[in-house]
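Two complexes, one shared chain (chain A), two partners (chain B, chain C).
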Partner chain A sequence: MDLGRKSADPHKNWWIYGLPSFILIALIFLFPISYAVYISTLQWRIGGPGIRFIGLGNYLLLFTDNLFWQSLRVTLIYAICVVGLTVLLSLILALALNEELKGIGIFKAIMLIPWATSPLISGVIWSWLFNKDFGVVNYVLFSFGLTKSGINFLASDLAFPVVILATLWNYVPISSLILLAGIKTIPQELFEASKVDGANAWQSFYMITFPLLRNYLLLVVTFVTMWSLRAFDIIYSLTSGGPGYLTTVISWLIYQTSFVRLNFGEGSAISVILALITLVLTFTYFRLLYKRVEF
Partner chain B sequence: MSKKSAISKVYAAIISVIIVVAAIAAIYYTISIPKAPSQQVEVNIYTINWRLDEYNKELSEWLNATMPNVKAKFIGLADYDKDIITLLVNAPEKVDICLSRGPAWRSWAKAGWLTPLDNIPGMTELKGKSYPGIVEAGSLNNSWYSIPWYTSVQFMYYNKRILQEAGFDHPPNTWEELVNQSLIIKQKGLCEYPLAFTFIARTLRLERLWRIISATMTNDKEPIHWDNDLSPLYLGNDSAGYKALQFMHDIIYKWGIASEGILTLDWTQEITLMGKGTYAFCAEAGYNIKTLNNPDVSKEAGNIDYMLWPDSHYNTAGDDGGFVVTRFAMEKGDDHKLAVQKIYRYICSPEWKKKMDAIPWLLECTYPEVNNDPEVRAEVAKYGNATIREESIGFARSLAIDVNPLNVRTTWSAEFDTTYVIPILSNAVRGATSTGDALNAIYQGFLTLKGKYGLG
Partner chain C sequence: MKAEKYKKVLAFAILILASIIFVFPFAWILIGSFQTDEQLLSSPPSILPNIDFLINYKAVLLGEFYGPYKVMVPTAITWIPRSIINSIIVAVISSTMTIIVSSPLAFILASFKFRGRDAITFSMILVRTLPIAALIIPLYLVMKNLNLLNTYWVLILTYTGTLLPYGIWMLTASFQTIPKDITDSSTVDGCSTIQTLYKIVFPISAPGIVVTFIFCFLLCWNEFFVALTMTNSPETYTLPVVISMFANLPQMTPYSLMLASAVLGAVPPVIIVLIFQKYIVSGLIAGAVKG
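Here is the complex of A and B:
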């Protein structure tokens, strides 16, 4: 029966429906990224000899710069530590939160406080906690007789572990809530059936929880990787890249290069490299971990 | 010709000369001091988020009285250094006048963003009123660009009560005396760590203190760290740079008169602890005397005073940042240009400095007339030793006496500071590297940058 109207074919004129989204994405993502790539090919330093196209010149300069490699190394070690520990601690916490204990709801709400706190502020808080002369941590260590004159956490080799600890305080709560949401989606019958089959707690975790949580883990790993690769605020407020170059991560180097040394070309080149590393890692995670889950 | 008519002619000639000179002066005055703009104009002044309300109130009152057509305001930026650069790169026309914190204005001038102040009518007069060191610090390639907002004289402070209890009737005159006094204060249990400097790497304090201590160790002679051929003067064991850095390490690890914690101590913590009597000596900007002797916030109120830097007749003064006028402000038409020029001249004038900074905050040392003003001296005397302060700021040379070659701070010198000087000094002070190795590493950093930017 012809009602006098053409049937709407969703595949026809697809570009009309997609156009608003495409424009939005182009404005928000494609333009800034393309512009950053473009700037990275320029010699653009405020107070320098002027702006000129140098192709891959900034990249070649970076590859011969010891500080770049040092900060890349620090960034990767930092990211590996943060991602590994966040996943581990979040998983433990999520499994614990899955137990129906009294007052767990309040605990879940409180857990979100670190996530709601700006990393900049939490960096300041941690710097006071670990202060050598009047920090709470040293006070506790002193009270137990573990130190006589206080440990200089932030101006010694211990600065790196302190930065990781402060980062975990920020990331673990939200990650564990994401994993908890994943655990809640697993049908209870599966656990009951495994019990009937005689599986112990470890076996039911390994055979049921872990595989079915895979996509949530992927989400956490991807997010935490991205967050840790671009970590800046916590470094800024806690150690400012020091002592020496011990906590100089790539984002700190980008900030220093672009806004302190006013070298926008080189700063953009480092940003592009960081973006590529993030992209490759995310793609790899998806290839390795993503699986369509069927219950 | 009679004697009488000859005298008349001389008188006539003198009167004519006076009239001509007066006419020339009147014309010059009319040209050099422009009148108010005839059209509605808006001027933006960017600065840090501090006392904006007071500044805007004073400015708007002055504008109402002098140029009712002009609207101007101080605008604060949250992350100032980064935000102002972003604005200057992306929307430079919005910035008419702005503050440069530290030496960044030199890069801006080289980028062609700034107007030389000599092009602004009436500025020659202000130049003549300033300390020569201040003008020198605000100049680049023989052009004058920046007038300091204030000059942040770095003072040594001491606690009179602690020194008296330790048996001293005067603050130390030499570094050796300072170490000895500190050791006795520590021995008597008056302070665990009598001396505090802020060596935190986030700011340029570490470099600044190295520079000041080095300067005192050369009896304030220049140059300190580099000679005119770009050769480093700090590499030998006898150099002031070496001795100063070794001293900065030794106060913590050899004599134990300063805590290891000063490596992460920032200035707010330093002031708080000095006010609690934790330290006997510290180094801070001069205006902090107000806080330190304020009984509402300081337990040691009344006990803190200025002292001269040991081994030095002077303090090292100066803040090489300041207010600058952009080139873009001069390109928006004659009315706009006129308003910007007049506003700049006003916010940099001794009148403004005295009223807005010197009296309320003891900040000023740009102009001798403000420092020597009886009202300002009386205000300083309420909190500390005005004579010591006057003696110190009278020197008022600039912090352009620098670790950087040829006393010139350029774009690459910011890279030099942040990439090499600060982290390496930090490592040397904490003992992660030896003094000699650290100074060599700083020089290697300089050579790297010299190659990178092709410096001659």
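Here is the complex of A and C:
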């Protein structure tokens, strides 16, 4: 009678409970990523000559392709700017939020609004604000006599900073809330003790807050790196990768290569490179993250 | 003491400034969505709503177009109501499936020590960080071969799969807070592990399950890339896909209708997040940071 239960003894047969998850993850992640590696060795363009094996041909082609290097450069600069500025700004905000001010709840609630707004809609919002003819930014500049006919932000070199700004709007608030959660875990006595020892605000930040916040900072860095490496939606609605290829991030290039130019082989090769970059970074971060904090 | 006071004033100033920057863009499209194109495109910009301030929402949701839109309106706009329904259906089913599929594994991970436990947890995190763009071509081909392209199922399957690591992670953290005595005693009472899960663990960790559901719902509602590549008809388009179609038109962007649609896309997540704000941050960092 107990047979059914025995076979489900979680100590021995834990995998039964995980089976549905494992199947889905294999279908959605593991098989596709392996298949992508395979496709990346094929010449496979819809409407082109037939599918054939070309080994590393797609990769060699990419390495001589200016557009590929351009998109890699754009992605890295974008990620570095976004991660760096997010950490800096959200740390300042978290420290400000940590001061027990009246109405702090309202500030915290406000912080969640940009994060809840999807990057696609964030792009719509910011392209409206920076619209050449009707945007409020141009109106303000115009009122101060700084422009006569309106600056076409999204069709100029300024498109990149606007993309960064819109991305920061999405990610800084939530990051500051994560860091605030981290600050709250630091025992208050440490600060009091350091005050007794005559430490100034900067010293107590540098000696106490920063090291004890390490894991939370790393978590923010991890999240924001992942988010910025996969940036696509905000590019789609804000700049469509332009002007020229100024904001062509790597996900945008994958989309264009695979679903507009219908070159599955080359698209897969870029996909594999993006996956490798992501995995290497994740690995590094997690090695750092799961090292115990030492006092 | 004086330094303390300056610190507070500075903090307050920073927060006020930041709040303005965070709220203004959102408030600005909200205000714009209550205006007709004529008001919206006037200079100087006005913040007064139209007399019929829901005029754009009536147009977008009920098809009651006004002014020039009576004559000509981008077809995509007429797809908005259907796409909202599609978004809700896909998000609700995917989130529910995520919880059903991930909870047994999460329960095992939370309650038992076994070989390979850490490996599973770690690979879940690793998998979670893979950008969907890196998987999209094979996924597309798989779904094409399964004849699922352009159906709800392609979105539901993909979303459930991509949400699983989140679900497992968040539910494990939630189940870990249940005292071991409770689950142990139910096993003694003759409940199988699965019965324990559904009869004991689920009710106790209802808040954690709700938060996980909310999280999954938000991510589905906002998802764009997969929906863009895997669907190609108004019957399956989700709201983000439809918005993307007329947000970037080279000529004649229907500005006021665009703003109303953007608000429709943004307001549900914002409301949900504000209701559940207490749990959002703890949900995000659950299990990721220990102490």
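Going forward, the second predicted complex is superposed on the first by the 256 of 295 C-alpha atoms of A that agree within 3 Å, B and C clash if a C-alpha of one lies under 4 Å from a C-alpha of the other, contacts with A are read in each partner's own complex, and residues count from 1 in each chain.
In the analysis below, a contact is a pair of C-beta atoms (placed from the backbone, for glycine too) under 8 Å apart; a residue touches a chain by one contact, two chains touch by 3 or more.
The shown structure was predicted, so the numbers you read here are calculated from the model rather than taken from an experiment.
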| item | value |
| --- | --- |
| Touching partner for A:Leu61 - first (chain B), second (chain C), both, neither | first |
| Touched partner set for A:Trp14, first chain B, second chain C, both or neither | second |
| First, second, both or neither for A:Ala275, with chain B first and chain C second | second |
| First (chain B), second (chain C), both or neither touched by A:Phe160 | neither |
| First (chain B), second (chain C), both or neither touched by A:Phe205 | neither |
| More chain A residues in contact - chain B or chain C | C |
| Touched partner set for A:Ser240, first chain B, second chain C, both or neither | both |
| Chain B versus chain C as contact partner of A:Ser127, first or second or both or neither | both |
| Partner chain in contact with A:Glu99 - chain B first, chain C second, else both or neither | second |
| Touching partner for A:Leu262 - first (chain B), second (chain C), both, neither | first |
| Residues of chain A that lie at the interface with chain B and also at the interface with chain C | 127, 133-134, 236, 240, 255, 259, 264 |
| Residues of chain B that touch chain A when the two form their complex | 81-82, 85, 89, 104, 106-111, 193, 200-202, 259-261, 263-265, 269, 273, 410-412, 414-415, 418-419, 422-424, 426-427, 430, 432, 452-453 |
| Residues on chain A engaged by chain B in the complex (per definition of touch) | 45-48, 61, 67, 127, 131-134, 150, 152, 154-156, 236, 239-245, 248, 255-256, 259-264 |
| Residues of chain A touching chain C in the complex | 4-5, 8, 10-11, 14, 17-18, 20-21, 24-25, 27-33, 35-36, 39, 92-93, 95-97, 99, 101, 106-129, 133-134, 136, 139, 143, 169, 173-174, 177-178, 180-182, 185, 201, 215-216, 219, 222-223, 226, 229-230, 232-233, 236-237, 240, 250-251, 254-255, 258-259, 264, 267-268, 271-272, 274-275, 278-279, 282-283, 286, 289, 293 |
| Chain C - residues contacting chain A, complex | 3, 7-8, 10-12, 14-15, 18-19, 21-23, 25-26, 28-29, 32, 40-41, 43-45, 101-102, 104-105, 107-108, 111-112, 114, 117, 120, 122, 124-127, 129-139, 141-142, 157-158, 160-162, 164-165, 168, 192-194, 218, 221-222, 224-225, 228-229, 240, 243-244, 247-248, 255, 258-259, 262, 265-266, 269-270, 272-274, 277, 280-282, 284-285, 288-291 |
